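Common to both upcoming complexes is subunit A, partnered first by subunit B, then by subunit C.
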Partner chain A sequence: MTPLWDWGYAFSILPRLLEALLVTIQITVLGSLVALVLGLVIAVVRRARIPVVDQLVWAFVEFVRSTPLLVQVFFLYYVLPHVGIVLSAFAVGVIGLGVHYATYTSEVYRAGIDAVPVGQWEAAAALSLPRSRVWTGVILPQAVPRVLPALGNYVISMFKEVPLLLAVSVVEVVNTAKEISSETFRPTEPYTIAGLLFLLLSYPASILVRRLERRSVAV
Partner chain B sequence: MENLPRIVAVLLDGVPATVIATLGGIVLTIVLSFVAGLALLSPQRWLRAVSRVYVELFRGTSEVVQLFWIFFVLPVLVGFQLVPLFAGIVVLGLNHGAYGAEIVRGAVQSVPRAQVEAATALSFSPAQRMRRVVLPQAVVEMLPPFNNLFIQLLKSSAILSFIVVSEVTERGVQVLVPNFGSDIVLIFTLMLVIYLLLALVITAVMRTLERVAAGRLGRRGASRQARAEVAVG
Partner chain C sequence: MIVFDGVEKRFGDRTVLSDLNFSVQPGEHVTLIGPSGSGKTTILRLLMCLESIDAGTISVGGSYLSHMEKGGKLVPADERHSRQVRKRIGMVFQQFNLFPNMTVRGNLTEAPTRVLGLSRDEATARAKELLDLVGLADKLDEHPSRLSGGQQQRVAIARALAMRPSVLLLDEVTSALDPELVAGVLALLRDIGRSTDITILCVTHEMGFARDFSDRVMMFDGGRVIEQAPPAELFTEPREPRTREFLSALLSRG
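The block that comes next holds the complex of A and B.
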């Protein structure tokens, strides 16, 4: 009988898993950029309360939030080529993850914007600042730092959701673990290492976010 | 469009598995949330430590890894494999239970200290204090975050398609996409609508529970507003 855990085997597969981890991190970073920027755009647009546009954006946000990311990724993967847009699985992953999480971050930004005292808006209006300066010079510098911990938590969640993309054969950590275990018929080491890699990155990150949270409460 | 009835039929075929996985996952989540959440508040040091390890382990790793670990690795270690649907329920429950534990802990801690002191003064036992005074108030606070958590769980149930549970996503991607390629937009729109409807059901049930729980405390639903008025007055 082979041992439950084979260190030699574990070390031999580590380089491949680390390489895949790099892909996971790339998707997380790019997806976060999409989520952080698009979320902000959604929040600012909704704040303008333009009739019809506002309802459409609201419906889109609720719909995306209430349905599985996995199905949305499949949707992008299968439907986009039909309308002539051919994207790599990697790009589908970044867009899918980014748009899904943008609906969450938009709510976070909204809460941050709502928390800015009304007097700030009034002061900016009294100084007759142009609309764009009101946002970039007055409101957002106060709203965004406040919600950084919440945004950080969503980035960590995104990192942990990247493995969903194995469904469209993105070669990230879990997909690589799956490939290795089907080549060698030894699932224990690859999946356990995959889990540990996630824990190793997301646990320290969540401690950092918690520290940030405590500091922002103190302010 | 002429394939609509057949597409709907195949997708509806997947609904029972999605509903069973979600309900099973929710039941397990509730149990684990309370056990682990109250353990996090226990005076017993080892109990807190065990619960903390559980919570961080399941919050710190990806749900897909957990699913594959329980489905592919556990059989190697213990010698038998779980039925896919059951393995799915276990993973959904374990994963979301870890998040729920923090909800329970937070809600119990948010009950004003004076409530516990008053119960102590009335010589309630610690168990009575928890059951009669603290939990009824804490539960009202827990319901909105649990609503979000249960919708997350419903959405997560789609990953059960990875271990070939015949739920909605698996039906759509494995059965419909290869056979009705030209109706691809329709297929995915219907799938998303099914999940949206199930999410609305969860929200409706949770809103009702919120009203009932608030009513039992004499808060009559509009609890936040009532409390705000008390605070102002």
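The block that comes next holds the complex of A and C.
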């Protein structure tokens, strides 16, 4: 009878899983970039209350938030090619995750912007600062630092959502574990290692976020 | 310098200012007094374009603030026009409203460089001059959070002056200060009043200050000017019963 856990086997599959982890990290980093930038744009556009644009953005945000990420990913991967837009599975992962989470980070930014005292807007207006400078020089430098922990938490969530992309065959960690186990009929080691790899990165990251939180409370 | 002509301001169905007419001469110091909710602060906020008016016109230095001329007709001002006229107006707030993400230097040079187009060096030189004037020469690179309320308000005054305004609006600038810090800020304002020709419009509850600082005091009630006179006259022999009531209430409060 084979033992439940075989160290030799575990070490033999580790390189493949680490390679896949690199893909997971790449998607997380690029997806976060999309989520952090697009979320900020959404928050600022909505705050500017430009008629029509505001409603369109609102509808888009509500739509994205009310439908499952999986459906959005399938849509990007299988439907867009019919209108001539062909994206790689990797690109679908980055865009799908990024846009989905942008609708959440936009809410975080909004809360941060709302927390800036109205007197700051008024002082900026009294000095005739141009609109763009009011945002970049006065409002965002105060709003963003206090929401960094919340944004950090979303980045960690995104990291843990990457395995969902196995649905469109992205070669990330869990997909690779699945492949290995179906090749060798030994699921214990690949899935355990996959889980541990996530734990190894998420846990320190969440400690980092908690430390950020404490610091921003102290400020 | 400032002309309010038939100005009306409503918040929802509450009329805050109705058919308000007054003007302020260049270099004049005018204090607005009256019970809270009488519309004094609203006047300052209208001048700062923080609120819009519902009827009438406001002009500053000969150009319309609330409106602009377009094809021979008066139309409501757009943001660019308002900003242009507003550049001549500085405001100091009750809560200072310094930018906490910048040093004192940043607070004082931000608008001069971004709006007036001064170079960094010019703006810093002016910032140093103004800090000297307000007695905080050693605080150039301090963060606002490390300053006392009185010091913050002095920086806020310097920040407004850095824009070389021809009109300065003071909105209860000592109301948020600890009592022992009030005198210093008021002394500074007296100093500025004496040494410059800036037109000053001031809302305050400091009647002693209003008396020796202003050329004219306007008493507001229910969104109207019910009485106006030089301070010596208004404080000693107010004509309107409402003014008398208000002043005696203030005095009995101490």
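Of note:
The rule we apply is simple: the second predicted complex is superposed on the first by the 219 of 219 C-alpha atoms of A that agree within 3 Å, B and C clash if a C-alpha of one lies under 4 Å from a C-alpha of the other, contacts with A are read in each partner's own complex, and residues count from 1 in each chain.
Here is the rule we use: a residue touches a chain if its C-beta (ideal position, glycine included) is under 8 Å from a C-beta of that chain, and two chains touch if they have at least 3 such contacts.
Since this is a predicted model, take the numbers as computed values, not measurements.
By the touch criterion defined above, A:Gly195 reaches subunit B but does not reach subunit C. Contacts of A:Leu69 after superposition: subunit B is touched, whereas subunit C is not reached. Taking subunit A as the reference, the larger set of touched residues comes from B, when subunit B and subunit C are compared. In the superposition on chain A, contact of A:Leu151 is made with neither subunit B nor subunit C.
Residue contacts after overlaying the shared chain place A:Ala125 against subunit C, while subunit B stays out of touching range.
When the shared chain is aligned, subunit B comes close enough to touch A:Ala177, but subunit C does not. Touch criterion not met for A:Ala102: it reaches neither subunit B nor subunit C. When the two structures are aligned on the shared chain, A:Ala167 is found in touch with subunit B, with no touch to subunit C.
Applying the stated contact rule after C-alpha superposition, one finds that A:Ala43 touches neither subunit B nor subunit C. By the touch criterion defined above, A:Tyr78 lies against subunit B but remains apart from subunit C after alignment on the C-alpha atoms of chain A. No residue of subunit A lies in contact with both subunit B in one complex and subunit C in the other. Taken in their complex, subunit B has these residues touching subunit A: 56-57, 59-66, 68-69, 72-73, 76-77, 151, 154-159, 161-162, 169, 172-173, 177, 184-185, 188, 191-192, 195-196, 199-200.
Residues 48-50, 79, 83, 86-87, 89-91, 93, 95, 97-102, 110-111, 114-115, 159-160, 163 of subunit C are the ones touching subunit A in the complex. The touching residues of subunit A, when paired with subunit B in their complex, are 4, 63, 66-72, 74-75, 78-79, 82, 160-164, 166-167, 173-174, 177-178, 181, 187-188, 191-192, 194-195, 198-199, 202-203, 206. If you check the complex, the residues on subunit A that touch subunit C are 117, 119-120, 122-131, 133, 137-138, 141-142.
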